[in-house]
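After this come two complexes, each holding chain A, first together with chain B and then together with chain C.
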Partner chain A sequence: MKKMDSNIKRLLIILVAFIIIACVTKPTAFIKIGNFQTMAKQLSEYGLMSIGVGICMISGGIDLSTVYIANLCGILAGITMQDGGNVPLAILVGLVVGIICGSFNGFLVSYLRIPAMLATLGTYQLFMGIAILASKGSTVSGIPEAYTSFATTALLGYIPLSFVVFLLLILAVTFIMSRTKFGTRVYLVGTNERAARFAGIHCNAVLVRTYMLSGLLSAVAGLLSLARINSAKADFGSSYTMQSILIAVLGGVNPNGGFGTIPGIAIAVVILQMMSSYLNMFPGISNYYRDLIWGIALIGVLIINFALDKRRTQRLSKIS
Partner chain B sequence: MNKFFKKAVKQTEFYVFLIIIVLSLVIQARSGLFFANNNIVDLLRSMIVPSIYAICALLAFVSTGPDVSFPMIAALSSYLALTVTNRLGLGGAPWIITFIIGILFGCLMGALNGVIIVRYKFPSLIVTLGTSSIFSGILLGAFEAERMDLPQNLAAFGKASLLTVKNAKTGLGSTLPMTFLIMIVLYIIAYLVLNKTIMGRGVYAVGGDEVSAERAGFNVKGIRFGIFVVNGGVAAVAGLCYAVMSMRYLPTEYAGGEMIVIAAIILGGTRMTGGIGTLKGCLLGTLLLTMVSNSLILLGISVYWQRVFIGAIIIIGTAISAIQSHAGVKVKTRLKKEAA
Partner chain C sequence: MENENILCVKGIKKSFGGVHALRGVDLTIRRGETHCLAGENGCGKSTIIKVISGFYKPDAGTIEVDGKGYPVMTPAEAIKAGVQVIYQDFSIFPNLTVIENLAFNQVLANKKKLVNKKEFRRIAEEAIKKIKFDVDLDALVETLPVADKQLIAISRALLDNAKLIIMDEPTTALTKREVDRLFEIVTDLKENGVTILFVSHKLEEVFEISDSITILRNGQNVISCPMEEMTEEKFAHYMTGRHFDTQVVKEVNEEKYGDVVLEARNLTAPGFEDVSFELHQGEILGVTGQLGSGRTELSLSLFGLLQPTGGQILVEGKEVHIKNVSVAQKLGIALVPEDRLTEGLFLPQSIIRNITVSRMDKLGNKMGILSSKKVVEESAKWVKDIGVATKNHEFPVQTLSGGNQQKVVLGRWLANHPKVLILNGPTVGVDIGAKYDIHKLLRELAAEGMAIIVVSDDASEVIATCDRALVMQAGRVTGRLSAKELDTATLAQATV
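Up next is the complex of A and B:
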């Protein structure tokens, strides 16, 4: 438990240091409520997907299909509510589709024993294909006002509602992962599946539920983006796949499974969003530099974690 | 013959081969155009780049784990090779010079992957995701690469064709570019190295069981590092082939090619867990996926369905091989129990 705390501490230090740098170098543009509001809106979508990817990684797998689950849910919900359709029904359709997609991933990974990366690689093509079929290859638009106003209203006049949803879901998932039987089982399955099975855990059922949760989070992300950009498309946000893996790793999730916390991922999301908003304030820096910086950050964090772990084990072995 | 057949039935490659035959017969029956000479040549043409990528993916999977950086290595090293050729005024030099420059840059980038993966033992998927992001940042951010024309030597190389066919019935023609030969040569070299040299067997040994390989005297770290360097070089060749075939360098067209290639080699029988995988399987898997994306139109199926089909094929193919390997383990444990 102590290990995770140190990781969160490290992330918080990075966050604070970054905020200070940003405030000093770009005081007028950075410290503005508008800036924070845009950041909050943007980060809730891929933040939710990163948490989905994160819990799958904790269980020892990975989910590459989150973005396409989100798009598929957005498209199906959009079609349902199009031209004066029923909005609550559409939201329900989106969430149910997300759960079904996630369970399908889980079924492939657990019962059929397909390696998670491949199974979700296949389903990502499949979901994208279904999304293209459903939207006939074009953009779904004509979303009713009643729904899109969700993205423009803000709680207490300042906090965007989508960010509130993000926060609530983080709290819920944190609770699930750290305080319930299911969460503990996910960690155990990720650390050692065989040991988990001998401990009497039904590994397949745990995995199906893990991927289902990831699918549900992606569905919410899809619904949020449907409200924000007022339309849905099958190939929207393909770069988020890589980004969400990056965030999960930055947040301290071990790609081999078993380690990582949800608050860690949430802080990593905030750091990344701040970084990219900050870089956007320099018109001279092309957007593509972001790729470079993120790549370096990912590998840098991995190496730093490695070095710190090594030092800790050395110290521990000295004590014993 | 019977023994050969029994062995074949156990291999994933055999089933892929069957699927390819059935699919091609179905397409032929529906459209009558599949076995037309221009369609076959088109198919071979679109196979060239993915099947060179497949060598990278195979080497990485068999020895270490997934490598997803090869498309970006291909893009960046071909950009550097073309720029260096233009700047140094090597446009008149033989095309192979440009290729060698590209391979050198590719090997350098592969070495970066190799160092990080071998030194720190990080999962190769995460590392190569990171490095491909870095390479893409360097290419599009630092160099601000844009589409550009090929230098003379490559343009001439691209115009030369190995074979030109024309379908007498439909009047559609297609040509097989010289890059096809490059692909064949790469496959022959890879086959010889992987199957006939100690180093090549070491690749399989390291992937199969690291500890055993080390005890048997293989240099595990050296082999893994070497694999990633070679991967960089092969990726550079694929990138230049792609530029030559499209007669132009298009920096944004490279990204995103990795997933289909990985799916193709897994369909061809390569195991995610390492140690198992053949070049034959690579070719068959690539052929199957190329056929699906090229020939669905001939079946009268709308292009919208293409993704659904590719996804379904990946899922079904991997499910079959996963169940097979699972069944294999079960049989082995039963045999062990009986022996005991």
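Up next is the complex of A and C:
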């Protein structure tokens, strides 16, 4: 428990430090309601995917297919509600497809023992393929306004609804992971699957449910983006895959499984979004540099985590 | 003039983070002797070996090999000086053939770029001849038994002109017969002028093979003396620093047994066949046999981790099919697995989680929501009851010593109030003190009416704890020993 706090403290310090730097160097552009609203809308989508990737990493695997689950759900929901279709039914279709996609990932990873990296890389391609077929390779548009107005409405006039959805889901997943049997089992399976089996945990069932949850979160992300950009496409947001892994690791998830917290991931989402928006305010820094910067950030975080982990082990062995 | 001492290390200190693994250890080994290095787990045995072989750099102290001082020893220098370590995992390449494993080092050392198969074979043949080791040179190493792998490692060490061979707990995975063969080879090596440092904590072996002994405790020397001056009582005392009765007084009283709780009828599964036994309330049944005798498989099949292909399992007279662990759990069967580190524990997770993992169904409500208060209380209760020495239940279980870790696994299953408790190797890698505690606990649990199966290859453990014993060999029960028949001699006879 102590470790959890120190990680979140660290992230909060980074966040505050960054806000201060941003406010000092770009006071007019950064401190604007509009800027914060844009950020809140954008981060909700890949934030949810990051949570999905994060819980899969905690369970000892990874989910690389989140973006394409989101796109597939967005497309199928879009087609259903297109040209005056039933909106609630479309939302249901999106969510159910997400659950099915996630469960399929879980089935491959647990029952068939395919390494998560390969299994979800395969389904990444598979889901994208289905999405291309379903959308006939083009953009799904003609989304009813009754649905898209969701993205333009704001709670109390300021807080975008998509961000509210993000917050509520964060709370729900945090509760699931820290307070329920299922959550505890995800951590234990991620730590040592063999020991988990000897302790009477149905590892396969736990893993299927973990990937299912990830699929569901991705589906919600897909539905939010459908509302925000008023359309859906099979290859939308492909850079989010890499970003969501970066966020999960930055948020303190151990890539080897067993450790990491949902609030940590949530704070990391905010940090990354702010950095990204901040970079946009410098016309001098071309978009070409972006991948380079994120790459350096991911490797940097991994190195720092390695160093901190080593120090913690030493401290603990000293205590005992 | 040859130096009398092949190895002389003085005042070695080494700490990791804040842990002092070695607090000034001296070790002097005379040329041509077989020296034993003994001590409980965590006393610094492995660390000092790694310092001698150049793997760790000591914080203080001097190392002299063959009269030559080494201010900084590196692994390459150690090998050049003739120091070779046979580690427990043997450091061989399982996917290569025997020839390749033996010849690689030599060829690499000679800086040859081209590989000559004939040359390889010649080197390998020469190597196994030295210890009269008969093996198929073209076999893949991973297909060979453990004992052969060890002999390959020894042959390879000899190829490098080893003067001092350090064997780190070499008998851990060997059968009695294989141990005998190893000891013959050790004696042979000694005659050929090779010095052996034999690292072990098994009393019988130490007395059988060594000329002199050094015992470490908590990273310090306790005693160094010729073997003649050592007795069994002194040995146990020096190892632990405690005085105690190593034999648990057990009262076997067959009348006190309750009903039959668990029964196996002609049980067959991959690894063993046709095993039958009855287990009563309050009884401790020993299952003993060498590695590969089917004892582990038997325990797994009773716990739902290995599906029987034939025969029946009956719990309280009713036939049951134990499909998985949670079925076993519901039937009141618990298993403390063989390998604590990979099967028993979630090492980096907290003690709380490790204890309560199998009790979560009872500690949460119907929605699957856990009460953190109940979880903490449950864990605290068992930490206290079973005597786990820790300051904080939130600490990862890996910060505990081997004995305390084993108590955590034991506590996890006792928390389920099992009717049948199966323990596979309950005191492997546990120091003598904790071993004594665990044996005492088992007798107490049996006295309260629990039915217990102790699966073990440690004869003294079976004798100290069990009321009866099954002896297994090559997957079959080859002997049944009653309480009266259980002693060292009959057990040794039955298991060979």
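The rule we apply is simple: the second predicted complex is superposed on the first by the 315 of 320 C-alpha atoms of A that agree within 3 Å, B and C clash if a C-alpha of one lies under 4 Å from a C-alpha of the other, contacts with A are read in each partner's own complex, and residues count from 1 in each chain.
Everything that follows uses one rule, which is that a contact is a pair of C-beta atoms (placed from the backbone, for glycine too) under 8 Å apart; a residue touches a chain by one contact, two chains touch by 3 or more.
Remember, predicted model here, so these are calculated numbers, not experimental data.
J.: Just checking: does A:Phe198 make contact with chain B only, chain C only, both, or neither of them? Give me first, second, both or neither.
T.: Once the two structures are laid over each other on A, A:Phe198 reaches chain C alone.
J.: Please work out whether A:Phe182 is in contact with chain B alone, chain C alone, both, or neither, and reply first, second, both or neither.
T.: second
J.: Hey, is it chain B or chain C that touches more of chain A?
T.: Touching more residues of chain A than the other partner does is B.
J.: Which residues, counting only chain A, touch chain C once they are in their complex?
T.: Residues of chain A touching chain C: 1-2, 179-182, 184-185, 187-188, 191-192, 194-202, 258-259, 313-320.
J.: Which chain A residues qualify as touching chain B in the complex?
T.: Residues 62, 64, 108, 112-115, 117-119, 121-130, 132-133, 136-137, 238, 242, 245-246, 249, 255-256, 285-296, 298-299, 302-303, 306.
J.: Going by the contact rule set out above, which residues of chain B touch chain A in the complex?
T.: 66, 116, 120, 122-123, 125-127, 129-142, 144, 256, 259, 262-263, 266, 272-273, 304-312, 314-315, 318-319, 322-323, 326
J.: For chain C, which residues are in contact with chain A within the complex?
T.: Spelled out, the residues of chain C in touch with chain A are 16-19, 305, 324-326, 328-329, 335, 337, 342-350, 353, 357-358, 360-361, 364, 367-370, 372, 390-392, 394-396, 399-400, 412.
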